[in-house]
Amino acid sequence: MGSNVPEKYKTLIKDDKRIDGRKLDELRPVKIEVGVIPSASGSAYIEIGNTKVLAAVHGPKEMFPRHMIDEDKAVLNVRYAMLPFSTSDRVRPGPSRRSNEISKVTRHALESVICLEEYPAMGIDLTLDIIQADAGTRATAITAASVALAHAGIPMKGLVAATAIGKINDKLAVDLNGPEDNFGQTDMPIAMISTNKNITLLQMDGDFSKEEFKTALSMAKKAIGPLFEAQKAALRKYYE
Amino acid sequence: MTILYQNKQYIRDNITKKRDDERSNDEFRKITIETGVIGRAEGSARVKIGDTEIIAGIKMDIGKPFPDSPAEGVIMVNSEFSALASPDFENGPPREDSIELSRVVDRGIRESKTLDVEKLCVEEGEKVWMVFIDITIVNHDGNLIDAAGIGAITALLTAQIPKIDKDGTINRDGKFEGALPIRDIPVPITSGLINNTIVTDMNKNETECAEAIFTVATIKNENYCAMQKAGPSEMTDEQMLKISEIAQKESKKIRSAIEAAVKKHKA
Amino acid sequence: MGSNVPEKYKTLIKDDKRIDGRKLDELRPVKIEVGVIPSASGSAYIEIGNTKVLAAVHGPKEMFPRHMIDEDKAVLNVRYAMLPFSTSDRVRPGPSRRSNEISKVTRHALESVICLEEYPAMGIDLTLDIIQADAGTRATAITAASVALAHAGIPMKGLVAATAIGKINDKLAVDLNGPEDNFGQTDMPIAMISTNKNITLLQMDGDFSKEEFKTALSMAKKAIGPLFEAQKAALRKYYE
Amino acid sequence: MTILYQNKQYIRDNITKKRDDERSNDEFRKITIETGVIGRAEGSARVKIGDTEIIAGIKMDIGKPFPDSPAEGVIMVNSEFSALASPDFENGPPREDSIELSRVVDRGIRESKTLDVEKLCVEEGEKVWMVFIDITIVNHDGNLIDAAGIGAITALLTAQIPKIDKDGTINRDGKFEGALPIRDIPVPITSGLINNTIVTDMNKNETECAEAIFTVATIKNENYCAMQKAGPSEMTDEQMLKISEIAQKESKKIRSAIEAAVKKHKA
Amino acid sequence: MTILYQNKQYIRDNITKKRDDERSNDEFRKITIETGVIGRAEGSARVKIGDTEIIAGIKMDIGKPFPDSPAEGVIMVNSEFSALASPDFENGPPREDSIELSRVVDRGIRESKTLDVEKLCVEEGEKVWMVFIDITIVNHDGNLIDAAGIGAITALLTAQIPKIDKDGTINRDGKFEGALPIRDIPVPITSGLINNTIVTDMNKNETECAEAIFTVATIKNENYCAMQKAGPSEMTDEQMLKISEIAQKESKKIRSAIEAAVKKHKA
Amino acid sequence: MGSNVPEKYKTLIKDDKRIDGRKLDELRPVKIEVGVIPSASGSAYIEIGNTKVLAAVHGPKEMFPRHMIDEDKAVLNVRYAMLPFSTSDRVRPGPSRRSNEISKVTRHALESVICLEEYPAMGIDLTLDIIQADAGTRATAITAASVALAHAGIPMKGLVAATAIGKINDKLAVDLNGPEDNFGQTDMPIAMISTNKNITLLQMDGDFSKEEFKTALSMAKKAIGPLFEAQKAALRKYYE
């Protein structure tokens, strides 16, 4: 939501088409691969448009550090990171305030579907590396994460997938790309559960009226459907 | 510091009948807003919501702008979970909470474009005002985000820009160039789900019982400028819509209280 | 003790009056409140002139980190910090060499009066936050600390209070304020025990002859008296 | 993650007869080299050696030169043992391994004068190109140094220098000033001693059984530009000479594969 | 590393009769002061007090002055409790001791205005000399503060300011612009209370038995320039006055030894 | 191996003499002292030319941190550091990537000769402080280290000594000094065991043909001999 909008990004919608040719309710192309990291318990690679993410699950295993052990259930440790070469300006390696916050909301987005109580006192490590960033990195990472968790054989009550609803040129649109995110008015990442469409992550920055928020929620519900299908197809393909 | 399992169960079981302190489910505790509490700060506020207490202070300095916005001032929000409020703040996960608190307050102010950063440019590409918003938690009895958000905007509204002397140094001897360019008053309101019941302004014990938490910041025109869902459990869209409506209603009352405090401060 | 003294601070004493109107042996106004932080075991708020400090005690409680446990007595953990907005130039959050040193001398200033041996293997956390700084922050913090410890019900052999003796315009003066500290010649923070007036903290920077040091010690003894009274009055008032 | 004692013993006892995966002792696993895998990077490569996989990316930025070489660009090599490959990477000693990996790759490129740093000067004493070579370990099945070294030089060979606009800012909108000034193609080849037998391109289990490890980087004219012995045990000079001869031979093959990948990339 | 309880008791019980090494209570161990021990440093000294040994080295560099003193050089004191002297230096509290050591030495030099920082200005507001005083503890047998303080001032007194070449770079090829502008020779003397008896120059075992410790730095005119009480117990004012008198007396002797060492160095 | 070679260092060899007058196969003057740090279990001071190093051994003793304990043998902890005043430009205190790497290769250079299995679950701390640097600091540190270990009475299968072979003005030379290291073509630090001349450390940066590498290895074997003699002489002298 920067304030210096280059000329070419002042018009993000023309004749109901977006700058990459999509319709307002159209997702970017999605590609999901399962089992890309042999040494991990579970792993997935996902591309949504130009955003590319690797997800790996290690565990359930001994929990470390020990003072964080929960005797009643497994602890989900999430590490979200942008690789140094994933953006135009190099990202310094190491955690930042942004990556710490995203790790936390991502954990909350997934915890409620994982049967953590089946692995008391253990740890499940989930690593999410953004290898190329073009908006929607946290949503894409969450979508990849639940596939990697499923691949690791961890029992879940459902899959979780995520996208973003945004406002650009005063109109609502799904799954913002880079310029739409940078020069649009509003960005709302949202994650839902496949079984009941309940919401496990929602953040919003920008400007929404009450009606826009309501519409955004229902657009999200509709848009996330194909993501669940893509997740399931990828898992099916892997096990065939 | 974590409350006992039995107490959690009690709170969960009874939330549909009554809260600990007899409040109704969408009722705030008593809020007090004091201004001008720190003489050395450019602006400051102390906010109490029930037993929760925070101090927000604004410090300003001249610095270099970011390369991609050479004509804009810089906003930095930082919150310290001081060991005053609880020594447990130092061990592990709460650091994460502190970062989330800072970032939610930060986004509420930044994304609502509350501060007109273009007016904080001193010399394009070279010198802009850096506005530091520091929040200290003095006592923690839940709902820190709302207290911090209210403190931050109140401190900003009462802040004075220091005078820059001819040699370019900042003169802090009580001379000022006027108020900060503030365009709106975003107010965050946080509600949670306890035993699937919506409860607003949760105290610390209630927060620990909450399955999910949802913060919604509203601006003057009743639109929303920032939202954040926290907590491990899911929420339905109806619950979110309901909570955002409560936020519209409650933020209005609190905005009036902020405006009254600022008016009194300037009088 | 900087070297560039602004014109207006060259004369710090005129007609035996100091720039804020005080006499040489006069303390700044003192205000102490007990029990200001409900979630702490003990707490105090103190203003000495424009210096404002919050003190909180948590414990006695389980000692952490464990390798620092003392099986024979409680460990007093002191954290002194200047809040970011407490001075003209913002203070970066986090420990500094200065705050680490002050935490240490403050611990030593208090340890000898606390009956630590009554709580073997436990920890007592003492947090001292300077919310506004105008000279004498460590002395003010120590004075607040022993009130907070008393409020927490921790047995002590006496109260500890502290002030500073300085040399300004070649004369000795008690309880320096900001400009006196910055542009004076000598600063000597000193802490004493209420029962025997023995010294638990003394630091000195600047210049003292042997006689000046002797005089400074006796001025301190006299000046600290009213601080003990203020501490006791605040505690009495709280329990009334 | 450490292999069992029994497995170690088995590998050690049998290494003179055959390796786990039937390779001969100086035989590499299958190597694949992909280029242009990261669109945001100035250059990039994905290298697989058997199940080992790394991604190398080049980012460039304008910075100040070091005072003692005011007319030379700056090279920085960084390797992240991402938790992707193994969560154990975070605990203790491996940090040391990660530093060694970075430094061996760094020295291989720096000391061979592969990159003509004098051509990376923009304004003497003020502005030079900083070339960041970042390597991420995606899957760890041994021989990370060779994979990282191959990835680094391939990414450099395919990198494009971004255009600098008139106002001095870097234009990343797909305009380039040409390729990096690369003068050579150093290739590291690592062998180890297992039960006093020389074994090349060790997988992870073999690496854990190795008494000593020796990496030799060779340039086009068959000379050596960097060497590093690792591992707790000693080596004879004959063993080192033998390993350096294997490096000459194997590096030639791999250099051809790199050149082919780069040629295909540029086509 | 902590001495046994029985040994502590023995030292405490006997301190009024005699010390471990037969010294009288206000007697220093043998002090040796060597100069010019580090060829790469601008100035250096090795100080031994009994078995305690430290090395102090001065390095100088050109840097930006602090905004509030644009025409003054900058002094930085740093002490490293090297693991040479004791590996326990790394675990926990000693870090605090190391900071205190640095700060007491720092204040002794800074507050006595020993170094005429105004003469270390090269270009007002832009370039001043930064004087780094680094102290390494080689062997720790008590009384580190006095050894460090003696080493620091001796190293300063023998330091040579490097030449600045026309292009502004520092020429370290053995050309100098003369000595540092030193105005005084502050000497810290540390005594402690053991079993309520005043003991000067305590060794390590005695230090661990001390209830309270008091350091007093004296300048040439016998005035005090810095004091620091350490240790958990209280002291009476009479004890402090007595210790400060011992400091006056002992510092005089040590100052002569410093002056002799410096004179010999310059001859 | 910098690229800006000052005029006076362009010719590093003239009439088969090096800039400090040495022959190509001649070591710099060596001085070794044993037992220089009373509080250490073992210690040594070494000068090789203008490079000066202090080495101290503490232990065998309780291993810390505990999670690094090896139940089968002692762990050798090596800390190599350049003191701040050891070089022309001040070295910032604290570990760097360079010092971490050298600590590691130094550990590997020594581990194989130490009978670590005699002290299961314990730690041996080896500190190597460079007090003056003029090339060859890691080689000099290793040579000092094995003397300090011997002085500490730790059983070893042999001594380890190290030097460097370099290429300067296209010729091979032993034990490079500062300018030869900075402006030469190749530097190869190498460590050997006294009993069998096997190699425990070898690093090389620069340029060597196969034949040069072979020659360098045999030059090293010959050059290190006198270092073993100097080590033994120093230990003998200490125990006389």
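So that you can tell them apart, the chains are marked A, B, C, D, E and F in the order they are listed, and the count of residues begins at 1 in each.
Throughout what follows, contacts are C-beta pairs under 8 Å (C-beta built on N, C-alpha and C of every residue); 3 or more make two chains touch, one makes a residue touch a chain.
Predicted, not measured: the structure shown is a model, and the values here were computed from it.
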item: Where chain B and chain F overlap in contact partners, by chain label; value: none
item: Chain labels contacting chain B and also chain D; value: A
item: Magnitude of the superposing rotation for chain B and chain E (Cα, nearest 5°); value: 120
item: Result of counting contacting C-beta pairs for A-B and B-C, higher pair; value: A-B
item: CA centroid of chain D to CA centroid of chain E, Å; value: 48
item: For chain C paired with chain E, centre-to-centre distance based on mean C-alpha positions, whole Å; value: 27
item: Inter-chain centre distance, chain A versus chain D - centres from mean C-alpha coordinates, in Å; value: 31
item: Cα-centroid distance, chain C relative to chain F, in whole angstrom; value: 51
item: Residues within chain E bordering two or more other chains; value: 91
item: Where chain F touches two or more other chains, by residue; value: none
item: Chain contact graph, described as a line, ring, star, complete graph or other shape; value: ring
item: Ordered ring members, chain E first, chain F second; value: E, F, D, A, B, C
item: Chain E residues within the chain F interface of the complex; value: 38-41, 44, 51, 53, 55, 57-59, 61, 78, 80, 82-87, 91, 132, 134, 136, 138-141, 172
item: Chain D to chain F touching residues, read off their complex; value: 68-69, 72, 91-93, 95-96, 99-100, 102-103, 107, 110-113, 117-118, 214, 219, 222-237, 240-241, 244-245, 248
item: Touching residues on chain C, where the partner in the complex is chain E; value: 1-4, 67-68, 97-98, 100-101, 103-105, 107-108, 111-112, 188, 193, 196-210, 213-214, 217-218, 221
item: In the complex, chain A residues that touch chain D; value: 36-40, 43, 50, 54, 56, 58-59, 61, 64, 79, 81, 83-90, 93, 125, 127, 129, 131-133
